[in-house]
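Several structures are given next for inspection.
One chain, chain A, appears in both complexes that follow, with chain B as partner in the first and chain C in the second.
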Partner chain A sequence: MQTVKISTYQAATLLTITMLATSILLVPSNVASEAGRDAWLSFILGTLLGMLTALLAAALAQKHGNAGFHAIAEKVMGSLPGKLLGLLYLAFYLLLTASLIREFASFMATAFMPLTPISVFVLLFTVSCICTAYLGLEVIARLSEIVLPVIVFFLLLILFLQSDQYELSALLPLLRTPPENILRGAFVFWGWSGQVFFLLLLYPYLEKPGQALKASLIAVSIVGFFLTAGAFSLETVLQYPLTERTVFALLAFVRLINLTGFLLERVDAVVIVIWVAGAFVKASFMLHITSISLAQVFGVTESRHFLLPLAALNSALSIFLFESSKELETFIHFLWPIITLFFLVLIPFLLYFLSFPASKRSSAPGNKGGGQQ
Partner chain B sequence: MFKYIKNLIKKTRYKSLQYSQRSSRQPEHPHYPVPRALKDKTTTLGQIIGHSPDVIFRRFTLGFNRQEALAVYVDGLVNTEYQNESFFKPLMALELIGTGKASDYETIKNSLVNLGEINEHDCLWAASLTALSGDTLLLVEGTEKVLSVNTRGLPERGIEEPKRETGVRGPHEGFVENFRTSIAQLRIRLKSPDLTFETMRGGTHTNTDVAFCYMKGIANPGIVEEVKHRLRRITHTDNILESGNIEELIEDNPHSPFPQLEITERPDKAVSQLLEGRVIIFTDTTPFVLIAPSLFWQFIQSSDDYYQRWMGSFVRVIRIIALFVALFLPSVYVAISSYHQEMLPFALILSVASVREGIPFPVFVEAFLMEVVFEFLREAGIRLPMQIGQAVTIIGALLIGEAAIMANLVSPAMLIIVASTGIASFLIPAFNLAITLRLLRFGIIIMAGLLGLFGVMIAFMLLLTHLVSLRSFGVPYMSPLAPLNLRDLKNVLIRMPRWKEDKRPHSSRTRDTRRQDTDLQPGPEN
Partner chain C sequence: MKTRLLFLCLLTAYTLLFTGGCWDQGELEELALVQAIGIDYLPQEKKFEVTTSIIRPGELGAGGMEGGIEGDAEPMRLITTRGKTLSGAMEQQNAFLSRRAYYAHNDVVIVGEKLASQGMHLILDRLTRERDTRLTLNVFVTGDNVKEFLRGGSRLEISLPKEIRQMKLRTSQRSLRGEANLLDFIQNLLQSGQDPYLPVVEMREETPTSPREAEIGETGKDGKRENEVNGENINGEKEESTENKVGYPKMYGTAVFREDRLAGFLDGYETKGLLYVEEGLIDSRKTINDPEGKPGEIVLITIDNSSRILTEVVNGKPRITVKIEEEGDICCQTSATNLFTPENFRRMEQSKEEVIKGYVKDVLEKTRKWETDIFGFGNKIKQNHPGYWEDLEKGEWREEIYPKLEVEIQVESNIRRTGLIERPPFYEYYQ
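Presenting the complex of A and B:
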């Protein structure tokens, strides 16, 4: 079998899409409801927190010879506890993927096609994504390589098209929001920028593992740039109360663009392009990650067998977990950052500290052996 | 479902196992040892070839020893004048003085037949195959060998301008059916000892000559080996009538709608591909040669781009736009006009609505019908003789289009969309890719009709996924876009000036990467 290898650039694009795809549409309004006018400051802080996560992930991997996360967990905690932790993480991946699919579907349904039942979007989207996940990491990486420039181009385009509407005075007075609210906003964004953690799962497939940290830091900064710029423009164009009251602030922003007399009246299609392309790559990546982690935890060599049941599970979960899109929004706003903090920061941090005595222990048998001779 | 997939995997594994077992042995053909006596030789050969009217058994007496001999050839495949002058005349008329120790057979082989290419066979079956390709067999008494002499003069059409690949600038010369002539056309343009040919026969019954060639110092040995390995498959099939038969047997993903091997009729294009480290596969009896490996972008390039100045870049950008228009224009129109009307400017939506007034079908049906009619017209235009074909196209376009609008069956807007899509698809130089786009367009229209822009986007993503998963002889199909290679990419979307192209494409992993010196930029010299 051919070994799967992805380049540093591909890792960077994949991580960027993982963080950017859904956050650009959902997070601005959530952060704005915490930090108000100073949301952009929250995004800058959140980006810094994301960078810290990336540093932690890279440090953990380098300590264990560029192994993947599940291998590290089993190595540090021992086989059985490591596998149990792996199971816990699998639940986390499921939750992430299911909520991602639901976010996708509910956006399409509420914003564009309100008469279509949500399950149509869920099913079609999931089935398409497992087709991609089935083809493996290399294909997903190449897909991200093509899709990211498209997303970046369209984001820059919509920021540019609105440039005549910017009113910088809307940002004033600066720093009116209490610092704890700004921090809380940063925390919400950390739920996404912390997903740079998935670097840990990419490690075994990297062509040059030494450049992984660079790739992830670049990815976090790209995402940070777009969300900060996004928050900036949303505040100056939509202005304070509107940003936090609309669920999909970016869509509201794009709907204000009017090109009549030039080409099109509305450019909402751009949002569909960004949203579908990004979510598609992210969901395929997540499904692939879940299947290979499952295979690793249970010691199965062929991970593709898990994809179909996983797709079924994810589509069902995405519909049953949330009663309404309001519930989904509350989940994203209040619960998701806490879950993320636990899985993407606390446990890796714990593993990092546990691995100090582990390395001592691993050197101990060697000494013992020397003593017996 | 799972079991089904499992079975599928098992089956494919089994298939590949079977194949590898079969391919490990050479294609079997019966062995007929050559008997000593001329009489026995004649009877055995008669049994193998049979006595068809075009196979000629010519008995004659050798001039120098007054013995019987037999010449066997196929009428129509040999150059008679040539055969008389250099084969029959010396054999029948010459008398040799002092033949020395050599046997009669050796004498004939070494001094009498004054033609360039002579082959010895010790199997009558193999010898009869060469006779069927236009050689003349010489059978004499008292030896266990058969001599086959190349007297080929195959019926051949003259060299003409390639029909499918016309260009504004560049040689007006295309390959011909006779692959020896085609190879000569290639040699004329590439006088390099590096050019290496390997030949084989394909098709157990047609015994078609197949040759592949590459530049020894440039082409990646791994790719050449892969081509050679896959070409072994063609010796197990009945017939190779066209390079298309070979294409289907050696491509990477036989289920993909996308062509994975480029075809060309132009010798100049073949040369430039050879110099980019690719392998060219010639097939006898067809002017189309295959290029392996081929990448997606090659199908929207034409050799003309490289003969114009760097302005060829413009044409390339136009073609890429045409590619998107040909694939997505009708479906985007269907999606926007049936699901997302708010995106159109108010004036436009009014005019679209007013022309659609009274049309009984939804936009989706209208688009689908018109596309089908358009495909009918196009196919009719291609298959019919030139004069009638034009008439049909005019009747179709003018009468049906006009009448359909008058009868309120389709809107003029839809007609404009379908016509522009058709024109855009004519901009794609590669015919095989154009067919793929035509087929995929229908799929995307259906998705647009069902789910609007969301459906179009999902179709686009699936298409992209499929494209990036494809490989052609191990080279990713979408490179240099994915995996990204900036150096190659600038030569894909646009065309770099000639003096800038100092490296061969990275994707074909050539042995020799440098194409030319780096300081070739011209300018007034002081």
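Presenting the complex of A and C:
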């Protein structure tokens, strides 16, 4: 069954989109409200934290012969606790996907189509994602290969188009934000850069698992570069107190583009391209991950059957979980980093820690954890 | 093959769902394109008065195809409404419209003096929160009646809003007005240690520029005409004569704010002092006396200027040094002096430096009186000496330190070229 293989490059693009897609639009204003003028430093720190997460994920996988996360969990913790942990993770994936879909719908409704009910965005978006997820990981990976250059091109374009507006003195006074605020900002960004953890789920499908760490580090670096450059541009063009006050800082930034009067202005659509393309690939990927994890936890061979109910669940959750955009914002800002810390860092670290004695035991046949797999 | 075709059809139908715009679809012919908004505040009634200038769909577009606009057809329509809030007043507009008022293509906002004195906070939120206005909006302050102002005509462009927009865009010559849009205003407002300013527009009533139009407008024969020429008005003919007059926009000067409240106006000449420090000055002319003391004057043009604000805190007292570098050419001379000598160049440069210093000092004195720091000296102090800045109390900078702040202005001025002639054509004649 597992003949699906993706290349190192595809893994890198997929992980990059997973981290970049939603963070570029949502995170800058949240980080700015914590770290103020020094938000760029938070992003650099957050990138480093993301790299640590990647190192942890790669170390964990390599310890267990490049197995996927759920296989590792069952191997280390034993079958039943492993499956229970898998269920917990399924809830986490659901939460992530649901909030992602809601972010997409909320953005479209706030910034472009206020009269359209968000359930319409949710439905249309999820239906497209089901189609993609149904075609499997290879298709999603190829899609990310196509989409990422587009996103990167447009991001570079908007940074370039505003380059004459940069006012470096707006970064001053440098480092007057209390260090704990900068760390809090980094922590908020970690909620996204930590998603490099999904590398662990890609491991069984990699052509060259040995290069997985390289791919993930490159992905984190690209994301870190764009978020830091974005924060830098926002601080110098939109400037600090205003960045914090916007809901979608990148959108506010793009709306300022006004080249020589009316040669090139109103290029907001660029943000839609970045956002829709990125969120679409990410949501398809997440939907796929949820379905294969579900299949793995329950030992089902065909994971595609889960797609439709999962998508329905996701759409419903995305609408019911959050009353308003304020709740969504609070979730992203305060709750999500903690959830991330728990699921993407603490538990993998625990598994890594536990796997030291377990790895010795697993080499002996008849072991409880490894034997049943 | 058939299923494939079916799938493609479904895909197309599905894509159409996305691209139709759902509930938010809007057609151009269903929109009333607002080209300028005028906002003023009526203190007695505590109400906003909003005037929008909307393109009349038939008039503008048809121009090219049908051979120009007919004589008296107005390209714009004005609607004035009132409301307790800006948003509320804007809603009232719908009562007069057959189309949806569309503000996204508007980039001229005229703010009345009364509103500006009440505080710009009354409108800033509406202009930044909703997605139909942009931070690049051009905001102007006018001392005139906003409604009357928007009723004015245009000289070179097709309509008044277009003319104002073009005036603002004309970057090749800007020396008489402060340069700021909504974003600059908000940024300056949000930076502690800086106060915002906005360009000023005013209206000047004139008889329309074409003399033919003026005569057509006159109803009476000789008697009335004489009266009008003499400026006298008998038996209520005043209405008639003012009807002939049309207000034309003039962009001149700077409105200076203290926080978000209007503190006062700088005229065009005073604005130069601000622009020299803000590096915004292009194509500015200034007049100096003849370097050898002969009768007549010399006019110099500024081609390029740059400035730096240096700060230092000595013994707990801040000091500001403004370094202005300026260079330009000679553009006119009415005295019969040979300027083309090293001494005269040096003398002219010196007197030019004095003139520039004078400009800056004038503005400085005025803003000190108003307690508003439009140069952003406080902001620079905050950037360079954050420790000192954080010890200040709220309002201390503006009220106590800025009015007595030690400011040194250093100008380095150069004259690079003399234009196409070295000595005036009448040089020998007046020797």
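To be clear about the criterion, the second predicted complex is superposed on the first by the 354 of 373 C-alpha atoms of A that agree within 3 Å, B and C clash if a C-alpha of one lies under 4 Å from a C-alpha of the other, contacts with A are read in each partner's own complex, and residues count from 1 in each chain.
Please note the rule applied: a residue touches a chain if its C-beta (ideal position, glycine included) is under 8 Å from a C-beta of that chain, and two chains touch if they have at least 3 such contacts.
Just so it is clear, the structure is predicted and the values come from calculations on it, not from any experiment.
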Fit or clash between chain C and chain B when superposed on chain A:
clash
The answer to whether chain B or chain C touches more of chain A is B
Give one of first, second, both or neither to describe whether A:Leu172 is in contact with chain B, with chain C, with both, or with none.
second
With both complexes superposed on chain A, which partner does A:Val267 reach: first (chain B), second (chain C), both or neither?
first
Given the touch rule stated above, what does A:Phe331 touch, chain B (first), chain C (second), both, or neither?
neither
A:Thr116 contacts which: chain B (first), chain C (second), both, neither?
both
Quick check for you: in the superposed arrangement, does A:Leu124 touch first (chain B), second (chain C), both or neither?
both
Which partner does A:Tyr352 reach: the first (chain B), the second (chain C), both, or neither?
neither
First, second, both or neither for A:Phe232, with chain B first and chain C second
neither
Both chain B and chain C touch chain A at residues 112-113, 116, 120, 124, 261, 265-266
What residues of chain B sit close enough to touch chain A in their complex?
1-2, 5, 336, 339-340, 342-346, 451-454, 457-458, 461-462, 464-465, 468-469, 476, 478, 481-484
Using the touch definition up top, name the residues of chain A that touch chain B in the complex.
7, 9-10, 108, 112-113, 116, 120-121, 124-125, 128, 131-132, 135, 139, 142-143, 145-147, 260-261, 263-269, 272-273, 276-277, 280, 284, 305, 308
Would you pull the chain C residues touching chain A in the complex into a rising list?
14, 17-18, 21-24, 104, 131, 134-136, 169, 183, 186-187, 190-191, 380, 382-384, 386, 389-390
Seen from chain A, its contact residues with chain C in the complex are 110-117, 120, 124, 127, 169, 172-173, 176, 238-242, 252, 255-256, 258, 261, 265-266
